[in-house]
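I have a structure I would like to understand better, so I am pasting it below and will then ask my questions one at a time.
Chain nomenclature is as follows: A, B, C and D, assigned in order of appearance, with residue numbering initiated at 1 for each chain independently.
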Amino acid sequence: MQGKKMIKVGIVGGTGYTGVELLRLLATHPHAQLQAVTSRKEDGMPIADMYPSLRGRVSLAFSAPEKARLTDCDVVFFATPHGVAMAQTPELLQAGVKVIDLAADFRLQDTPVFEQWYKMPHSCPELLKEAVYGLPELNRAAIKDARIIGNPGCYPTTMQLGLAPLLKADAVDASHLIADCKSGVSGGGRKTEIGMLFSEASDNFKAYGVSGHRHSPETLEQLGKLTDKKVGLLFTPHLVPMIRGMHSTIYARLTKDIDNAALQALFEDAYKDEPFVDVMPFGSHPETRSTRASNMLRIALHRPDNGDTVVVLVVQDNLVKGSAGQAVQCMNLMFGLEETTGLLHVPVMP
Amino acid sequence: MQGKKMIKVGIVGGTGYTGVELLRLLATHPHAQLQAVTSRKEDGMPIADMYPSLRGRVSLAFSAPEKARLTDCDVVFFATPHGVAMAQTPELLQAGVKVIDLAADFRLQDTPVFEQWYKMPHSCPELLKEAVYGLPELNRAAIKDARIIGNPGCYPTTMQLGLAPLLKADAVDASHLIADCKSGVSGGGRKTEIGMLFSEASDNFKAYGVSGHRHSPETLEQLGKLTDKKVGLLFTPHLVPMIRGMHSTIYARLTKDIDNAALQALFEDAYKDEPFVDVMPFGSHPETRSTRASNMLRIALHRPDNGDTVVVLVVQDNLVKGSAGQAVQCMNLMFGLEETTGLLHVPVMP
Amino acid sequence: MQGKKMIKVGIVGGTGYTGVELLRLLATHPHAQLQAVTSRKEDGMPIADMYPSLRGRVSLAFSAPEKARLTDCDVVFFATPHGVAMAQTPELLQAGVKVIDLAADFRLQDTPVFEQWYKMPHSCPELLKEAVYGLPELNRAAIKDARIIGNPGCYPTTMQLGLAPLLKADAVDASHLIADCKSGVSGGGRKTEIGMLFSEASDNFKAYGVSGHRHSPETLEQLGKLTDKKVGLLFTPHLVPMIRGMHSTIYARLTKDIDNAALQALFEDAYKDEPFVDVMPFGSHPETRSTRASNMLRIALHRPDNGDTVVVLVVQDNLVKGSAGQAVQCMNLMFGLEETTGLLHVPVMP
Amino acid sequence: MQGKKMIKVGIVGGTGYTGVELLRLLATHPHAQLQAVTSRKEDGMPIADMYPSLRGRVSLAFSAPEKARLTDCDVVFFATPHGVAMAQTPELLQAGVKVIDLAADFRLQDTPVFEQWYKMPHSCPELLKEAVYGLPELNRAAIKDARIIGNPGCYPTTMQLGLAPLLKADAVDASHLIADCKSGVSGGGRKTEIGMLFSEASDNFKAYGVSGHRHSPETLEQLGKLTDKKVGLLFTPHLVPMIRGMHSTIYARLTKDIDNAALQALFEDAYKDEPFVDVMPFGSHPETRSTRASNMLRIALHRPDNGDTVVVLVVQDNLVKGSAGQAVQCMNLMFGLEETTGLLHVPVMP
């Protein structure tokens, strides 16, 4: 791609947290040109009126979908509730527009599983087949050629990148993996639910969805591609009183006689060319804030008491590598840009 | 004990968080009479000058140890760094004073293990043998007759109460237990360490001590008493940006064919007469704030996908049931009081 | 009142924060017996299911208003939106039930002012005349004999107690008072508004309602009773990322030649017998947490550069002295109990 | 300046919050080349080991001052305690190096006032005379030619930019200004003080230094240049439980008959060409988070009850526009770069 070509970008659903994070990232992306951000409810309202952080940086107003002329875009991001993207994707594809869905419409190749977990029929199962799972570190080649991206869930990103080297090397018991995951509150979206209120979520910690969470089937489906063993995963999400950040503590039982240096080498080799995966020294304790507002994901390995269980710690910013940043990373790949373009923010610390 | 008899109480080390929490609880305890709170550094300073929350409620000043006449007390609490209690306990016992140590000096019966983890020789190993582990729900009879209490660590309290019914029933694989635990920042004490600063710990989440933590040997020693199997425990502590509260997520693989109702019954039966252990309905998600500033500990069971792993969620206030409240509960038992005396605070919510 | 007589208590609207705080306080009040807590929406739901902090402590279920038999109570608290209490009060009074309204229906004696600020007609203006403003420190005698209490707003409590000694002594320019006030988020109630979300209110600070706030007219009306000068008050509320707590920084220009000791004496004399007002040493900096979960309000005076402006710092827990605690304090007075009954919680620190 | 010329930058004291914020900003500054970051204590330690957020982005190690060869730099930033910069500045100037001090050594032109407030003699009062106060919006021309910059304090930045248009227009009573200011905890630095601990500062609010704060004399000195009236300022700082962010609520009594549109125009005109000052619509409530991690400062005006007092609300990120960002803005001016170079971060929201 030539240095100066601009990608015309549309966003459907720019009022939530993944939407405003996309706007933050795209506002300084040297090859992105925002064309339209849709919101039926806020039609005509300047985006910066809702998000004063964007005053002087984003001059667009929200527009109702029918005015937005999304078919003129090069790419459309869906930062919407599940079910919206699949309704609009066929028309966009026909107009030659690429689609990146930050929700779940195109994450699960298995339609019945999708319908079971999301309680809605899938309106375009044939496009689901075509869709590419947008985790560049495990799926880069396919993303480059994709027309439709199912952008990974935030939890699944950490679980897959934390487990991939172990599963590929057939080093652990794939049938009894445990991922004890903790997320900042923004992961729940900008929804007026009681549990998301400051006075409920602050100075508090809890698990939720322990008996079953939508990010399980997606993770199982993807992990299954990395091994020929049957994958069993116990995934326990928790809510942390912080805005951004995700920490996954992953437990896997080793099935091979492997020393710590070799374990560490598995990860360092797997990610040595990855600009957004940082394998820290063995025994490190990564902090979520070391990735705040950036597209970095960091991993560290432990092996308590030199026993048979490896503990993998993974951190990321759930709104960036866990969502909007990963989507922009996919866009860069799809349009032949340097993968890191517009994504080299230094994490905000403190 | 007669209704009006007052217990003369001394506190060594009242300037930290467990110390001030003891003061909060004892200030309204109907049978406790504060005699002395020692602090060499703050000798003469009214306690309420350091902790204005106690203005009008605690009129004592800190006193240097040599002035404090602790041997006139009925009981002395040590809310001190490890190593202080064992130095002073022999003299106190000789004077007929009972000792409750909130630090680790009397928690580990195994002296070499103590010395390995706390990097100091134990000065009175024979008293260590006599000392009673102060977890009333598992050790009530011994506590009643004890002269020395080793008050449990905060994490170990949750792990033991969360695992005891399973181990006693021989229902799980004791050799591969996992406890993924999360604590509020006050658990680290009132210490000026960089990592405890607001700007470091806030809006952040991290694991620490993954390769080994002092609460492991204590927990292993106690769990070992509940089963004749060899106990293996992988314990991973994390730091949560909240002041108080502890949440342990415990994973154990079932070795018995047992249905969920029977699992739940194990816990309900075990704790049916316990005033401070609340077994919630199967599948609940207890929140740490539901115990805030109270001596309650709550437990809930899950069995994801009806599989072979039971997940036990345990919450408590780390400074109350995890420390000062448990110590007062022990005191009540040791002096023949109703066990709940002075401990029936309703959790503060929101 | 005899030691054993129990007051039968009803609560209308027990699902919000002031409601659950009333429940926390009344659950351990030795003379209160909860009869009914109404909620049409949650009819039949055990209160402890909504608020697990009350498990084992409150066994009542919510009941629909028509089943609640509030007329059998001795007193009914309204922890409802504005407008509810005035609709039900006439019937309750007729049945001999006393009413304490935690909302604004009975705070403003001036009906037109009420109607202007609350955008609704007042349905019983004659009862408004009878209602007593429930600030015991300034209105104790009237409260004892009252049938209807308009419980003060949280901000007004701090402003009145912070200014009363100065206005009574005619020591400051009453026409240009400034109160720069800061509140924890729970003051906004348990409402699903975007601005109350954790991800919006956390790690953030803002003013709101600077051009006019409902607590102004109430405060002006009450302050006007303390002086024959015209009162002018500039009140600026702000939102602090904390759950509970309120801090008012009050500026008043001195009109008298008065030294700091005399200033301090004004406050110490005014509140010397008050169990819930703590005048700290001159030049102190009270922290909100020194009142957390207690009915204490603390005041400290400053006089920067020994100039002509006195700065009064006032802190309280907005849900206790600022709301539910004050209401219980009024109840104690109305039923001839010791004023501090059930209200001697030690503030929770840290 | 030509597009490719790189400025060689040294930082003295890179271990604190202003130091690491400088590193964050300079790591992506297209014309800055980090040469040395000094720390005697951490000599040889890779900076990214202390601040993992910089892994992969800053490869330098800390170096002891004597190894750092700061005299080879084009500019040296001092992010040190007060007193360090003045000791090293003479030698640097002699070597042709420009100096930007983020502490107070070069803020106060009045040496006796400096010595009174900072309790140390000033070692180079003649350089103090030469030093330029680094607030570009009020002092741009002088900054361009300066060799030494005294970078403004965080509070003074908000007070000056919030008051300048009013004082220049002689519209308010300069003798009785009130600034009620609130700061995030990072403003106190990365110091292990008890009051800065998470468990002390979280869920809490307090004023501090009400009787006198070092930022007063600096502000008075600068405000005095904007008016020929005597300036009197009552400045009250408060601590907010948030990491970054500052909110100043400023009260000034109008002395002119001026309507709100004219008031607003005063500010809009004053700042119409300023890239980092955003005058919001009259009556807005700016939130600190709308500037988080960016160099923006936002202002909004209010006039409650249309009375004689104007309320100015000012927000900024205390570590960026309030410190490191402003310093880089000065550097850009001193080296003939576009003023916004490397400073166009979009605020991080949520």
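The rule we apply is simple: a contact is a pair of C-beta atoms (placed from the backbone, for glycine too) under 8 Å apart; a residue touches a chain by one contact, two chains touch by 3 or more.
Each chain and its UniProt protein: A, B, C, D = N-acetyl-gamma-glutamyl-phosphate reductase.
The shown structure was predicted, so the numbers you read here are calculated from the model rather than taken from an experiment.
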Each chain counted as touching chain A and chain B at once:
C, D
Measuring centre to centre with C-alpha atoms, which chain is farthest from chain B?
D
Between A-D and B-D, which chain pair shares more contacting C-beta pairs?
A-D
Test of understanding: which option in C-D, B-C or A-C shares over half of the contact pairs of A-B, residue numbers taken as the match?
C-D
With chain centres defined as C-alpha means, what is the inter-centre distance between chain C and chain D in Å?
39
Based only on mean CA positions, could you tell me how far chain A sits from chain D in angstrom?
36
Would you mind pulling out the distance in Å between where the CA atoms of chain B average out and where those of chain D do?
46
Each of the following residues of chain D touches two or more other chains, namely 17, 184, 186, 190, 199-200, 202-203, 241-244, 286-287, 289, 292, 350
Listed in rising order, chain C residues that touch chain D in their complex are 176, 178, 180, 182, 184, 199-200, 202-208, 210-212, 232, 234-236, 238, 240-245, 247, 249, 251, 253, 283, 285-289, 292, 302-305, 307, 309, 311, 313, 315, 350
Which chain C residues qualify as touching chain A in the complex?
17, 184-186, 190, 192-194, 196-203, 241-243
Residue set of chain A touching chain D in the complex reads 17, 20, 24, 27-28, 51-57, 186, 190, 202-203, 243-244, 278, 280, 286-287, 289-294, 296, 298, 344-350
